[in-house]
Each structure stands twice: as structure tokens, then as C-alpha cells.
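Below you will find the structure I want to go over with you.
Labels for the chains are A, B and C, by order of writing; each one numbers its residues from 1.
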Amino acid sequence: MARAPHTLAMSSAAPIIVLFTDFGLEGPYTGQMKAVLRREAPASDIIDLFADAPAGDAKAGAYLLAAYAAWFPAGAIFLCVVDPGVGGARAPLIVEADGRRYVGPDNGLFEIVLRRAASARVKAIVWRPEQLSASFHGRDLFAPAAAALAQGTPLATRHHAALRHADWPDDLAEIVYIDHYGNALTGLRAKALPATARLSAGKARRIARAETFSAVPPGTAFWYENSNGLAEIAVNRGRASDALALAVGAPVAIER
Amino acid sequence: MARAPHTLAMSSAAPIIVLFTDFGLEGPYTGQMKAVLRREAPASDIIDLFADAPAGDAKAGAYLLAAYAAWFPAGAIFLCVVDPGVGGARAPLIVEADGRRYVGPDNGLFEIVLRRAASARVKAIVWRPEQLSASFHGRDLFAPAAAALAQGTPLATRHHAALRHADWPDDLAEIVYIDHYGNALTGLRAKALPATARLSAGKARRIARAETFSAVPPGTAFWYENSNGLAEIAVNRGRASDALALAVGAPVAIER
Amino acid sequence: MARAPHTLAMSSAAPIIVLFTDFGLEGPYTGQMKAVLRREAPASDIIDLFADAPAGDAKAGAYLLAAYAAWFPAGAIFLCVVDPGVGGARAPLIVEADGRRYVGPDNGLFEIVLRRAASARVKAIVWRPEQLSASFHGRDLFAPAAAALAQGTPLATRHHAALRHADWPDDLAEIVYIDHYGNALTGLRAKALPATARLSAGKARRIARAETFSAVPPGTAFWYENSNGLAEIAVNRGRASDALALAVGAPVAIER
């Protein structure tokens, strides 16, 4: 049962389909998308990774997705719907990067996955359903496309050059997600920072790195490498987001 | 893979069981209900449609349910628990309407499904579990009944005339749901409104229809036909519920 | 289909794995843990019982877990992650109590399950994954251990005496959970209280027991035996937590 800790090993079963959306937990969106997946790719397990990626924020999502997708094995299919431009002109994409496949809109959401990939291919989905709602391509277009990949069903595509965002940094010095505990995830890979780096964000001033929560006294702010490799700001036994006034988009200053 | 966009096509597998409740995402309620379903109807897929239907509000729920159930194929079984009268005298129902089946309390939740059905049958569930909690019929009564339908297991029922709500309109000019993005769903089918209709609700004054979010400038309020056919009030790149002070139950004025 | 109401009967299938965590509904934690379970114990159903146990609060969790686990059949495996001491010295445990198995940290979370068990065995998990993140043992250690139990795969363990909390009462006179409806669950088993007991908590003063919501007028506060046997404070058609200013940890006074 031994396995590497920061990646999930491959399995011989049908590809898993991993959901990465800003739909929220509430409401009918994820359920309708899963109804399509269950019908069209019944052998695939569906994993809810993020249903609460920052709403409409493809840039923050791009750094989150790259960090969390890397934990999954080659073969995994990511159904990624952060799509504020739905109904407009943005292309629907299939991205293949380092053996993982991604389905979603051409709005920058895959920028960091592409940037870090040793090899990648991008295609636009030409296939359209008989009818297509104006506002829910996750259900009507992206989910059937992801199911087709999972099933090995042919799907009409064409070569496509994704819109690239060369001005986005390799590591983003901003808060990209606040979790249930109030911990603030940055868009910075911990390995891109020296262990002695100090971070400032919100009311946090020059906080130091610690290995784990219990290494600092209760109430103390620190940063650490989270279980998916991102630098994360936390307070032992407290809520960093409240105590330090942190929110998605807040800039992070790095003192190396 | 071509399919109509606003309905899910049939499959030959065991019937899917679709959950429509006001349990919330939190807590142990949905999990316990699913434990019953998994044990008693193991071949059926379970789809979480709404876990956050307006709490205790059978009327708002009736319009939501009718709009969202119509997307699912004939054969689907809806386990519907918005049940503020649990433990009182209301009957537990099985409704068959246009080939879909519904299980839940006789409190108006199925009024609009029945109203719009070309053909319908209503039965009361006579079967009772050996013991029945006073407050969680979703787990103890409705879930086993839905599983029996899915499995084709006999279940004791009797003919029953559902309580009808003739005073409820065919389309409800109220907000019935606020989604994760702050969009406000009305109980009005878009096709019941002229394309030139203007809607007023909360601070929204005479807003016009648009086809899609990107058709209006950021910050602009509009209404559109959502992916399940309801008229929905939104703000491009904004939260309509906050910007326009909209909440479930708020009346909607229509200028035709 | 008859079955006892307050327990789920056994099935011959692979053991179910029941999740009891404080991860919250949001974010990537439950999803990553399920990805491990799906890969390593593909035949087991996974049931989300609580994802929102009080954050970092092993004591409140202990009373919740004992009440809700008792509903599940012998053979069920509970993957329990309320683990504020992750990365510190606390041992990872497997607890077998009355035929159910529990995996989680040695921090008191299993105290009440152990206290109430007719028979119990506790072991520490010696097995470690090749690499282990400092902050997410739910994914890296506890989930693979639970999957090994489900699959019958050998797992290195040793005898271990759990840290016991003899000062914790058999029934806890505090609010341990606020549910989606605003109902306040206490750590008191209803059967440990006389039917004539009156409870005071927050602004609730000497409230009486009722059998069910509809037995009291709208707006009235009462307590009742919930569907898992706990005394619960509620307001008919209202939110007790708001109306009575109740929160997790609030003391409950009992007048017998």
C-alpha cells in the first residue's frame, strides 16, 4: 500500500473525472453535471475537488488548479468550469498536459498547468450538442466532452492555440483561496521560497515559516508548505482569515 | 453523443434517484438518507440536485422542483424532502407524473408538477417502518420508499387525493432561490413572458432581458432564461442578490 | 423492507466507509481523501456523515460521533478526522467497538464510543506511507488505513492504550452542533433525561419537551429526542440558534 505522499498512484480502472468549478456547494449545478457524467461515463469515478474555486476568477483558479491537479495520476480527467464568459466567444478547450487531460474554457484557467508542463497539447472542441443553453456549458458541453474522453468516444476537435497570459508570474504573490479553517492559500509554491522567507499579507507582518501547526504557540501566525505544495498562511488554533484580515486577491509581500 | 440540451436522455440502467431537499449541505441528514439508499437500491445512481431548497418553504420548492425535474428523463425517481410538518398529519406521497416518480410529503411540494403534467397519479404510502422517528421521515420512510420504487419492490400504498393549492399561480412572480453567484431565480417560466418584458424586484427597476451575461456591460442588471427555463435576475460580473437586495420571497413586478 | 428505525441493518456487500470530519464542505480535502478511498477500496460505498463537525473540537465531536455512529450497522468503518494536533505526537488509531471500526487521531474523539462500548480494542497504526505530509494525515495516513480495513489488507499496528478523558461526563450538557435549520444539538442523550426535564441554554429558559415540531405553536422553543437519540433544542418554524442565541459550546442547564 506504500505510495508517494504527494501524488495519487495510477489505477487500471476507467479514468477518474475530477471536478474543479466555482459552482458552489449549493444549488443544482454540480448535480446536473454529474447526472450527465453518470449517464455518459458510468464506469468513471467522479471526485469533487473544488466546487468553490474563487467565483469567476480564472487567474486565482489557474494557480489552485495547477497545484492540486499535480497530485492526481496521469490519466485523470479534470472537468474545469470557472467560466464567467459563458455564452460569449471564448473557445471550449481540451488540454493534455503531462498525461492529464483538462476540459474547460479558454480564459486562462489552464495557463499555469500549461506553463509548468513538460509536454502539452491544446485542442478546441468543435462538437456541439443539438441544443446548447446560453449559460450552462458545464452541463451541456464540457461534461459530455469530459465523458467522451473518459469513454474513449470520438469527439470533434481542432488544433487551437490557447490564449496565453505571459504577464502572469510563475508563482502568484496573492491569496488565491481561503479554506474552511480560515487558512489562506497563496499562489506561491513553497519550494520557490527560501525556508527563511518572511511573508506579509493583510495584518500579517513578516511571519516566519513553521513545519506544522503544533510547532508554534496557539494564536501565532506562520506560513508553511501545505499538503499540495503551496505556501499557506495559518494561525495555530485560530482563523488566519479573520485574525489577519485576509481575503482572496490580497497581495503577499515576500522578504527573502 | 448528440442530445437535446434541456433534457437528459434515458438510459437502460437502474433508475436514478434524484435528491431535492432543504437539509442543507451541512450535517448528517443527506448522508444518513444516502446510507439507506445505497443499501436498499445499490444499483441506482444518486444525484444531489438541491440540498438547499428554501428551508420549510413548500411553495417556493414547488416551482423550483417543477422547473428542474423536467430536465431529467422519464423513469427518474425524485426523493423530495421539504417537510416542516414532519411528525404531524400530512400524508407521505408517491406521485407519478409524465413518467417521473416523486416521493415526499403532501404539503404542496408537488402542486406545480401535478399542474403541468399531461398525466399523473397520486398515492399515499401506507407502509411504515417498524419504528419511525418523529422528525426524520426522509431517512426512515421516504428513502426506503424511493428505494422500493427503484428496485421494483412492492410497497403498500392506497389511492389518495393530494391536497391541491388552486390559488397558487401557474407561474410565481417571486424570487424562489438565490444561487451561489447571487443570481435570483424567479418562479416564472421565461417562455411565459414576452421577450420585451421588464422586471422589477428589490432595487431592480424595469430591467430588460438579455441572452447571456456577456451581452451586457459589467455591473448591469438583466434577466434571462436560465438553463432550466426560469426567468433569472442577474448582474454581469456582480452579485444580483447583494446589488439589488433580493431574497427568497421577494415579489417580482412584470411590465409586459 | 421492514427495519428498525434507529439503526441501519447490515448488508453483505463490502463494508461502507463513513466520513466524519471537520474539513467543511468547501475546498479540496474531502475530495482528495475520497480519491484515495476510491482507488484503494473501490468496492466500498462512501457515506458523508459529517464534514462539518465542530472545527478542531475533539470533545464536541466525541459526543456527536457516538450518537450518530450507533445508527450504522456492525462492520461499518468510520474515517474520523478532527485532528488539530496533526503533525504533532498524537498517535493514529484504529478502534474496534461493538463491531464497528474507527480510524482517526488519539485526541479524545473516540472517548465516548469507547465509554459506551460493551467491548472494544484499540490499536495504534504503525504503518506509514512512503512520504507523509505534515498537515493532511486524513489523506495520507488515515484514508489508506481505512481502505486497508475495508479491503482486509494487512496493516502494521501495535497494541496501544488510548488517552482517556475520565473527566468528560457520560452525557455532555453543552451544545455540540448547530444544524442547517438552526436547531441546537446537545451532548445529552434524551433517554438520560426525564420526560419532564426543562432545559435552559442561551436565552432559552426552562423549555419543555415536545414530541415533534408540530406539537407546539409556531415560534415556540422546545426540546425533543432527535432521530439519533440526542436532546435537541428547536423552535417550531424558527431558527433556535438565532432566536435563542445558541452556539457550539454553550452550557445547558437541566432542571429535572
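Just so we're on the same page, contacts are C-beta pairs under 8 Å (C-beta built on N, C-alpha and C of every residue); 3 or more make two chains touch, one makes a residue touch a chain.
Not measured: the values here are computed from a predicted model.
Contact with subunit B and subunit C alike is made by A. Between subunit A and subunit C, two chains of identical sequence, the interface residue sets overlap only in part, with shared numbers making up under half of the total.
Per-chain CA centroids place subunit A at a distance of 30 Å from subunit C. Shared interface positions of subunit A, i.e. residues touching 2 or more other chains, are given as 25. Across the complex, subunit A is touched by residues 22-32, 34-36, 38-40, 42, 55-56, 84-88, 127, 129-136, 139-140, 144, 147-148, 153, 155 of subunit C.
Of all residues in subunit A, those touching subunit C in their complex are 1-6, 8-9, 11, 13, 16, 18-19, 25, 45, 47-52, 68, 71-72, 177, 179-181, 211-215, 224-228, 237.
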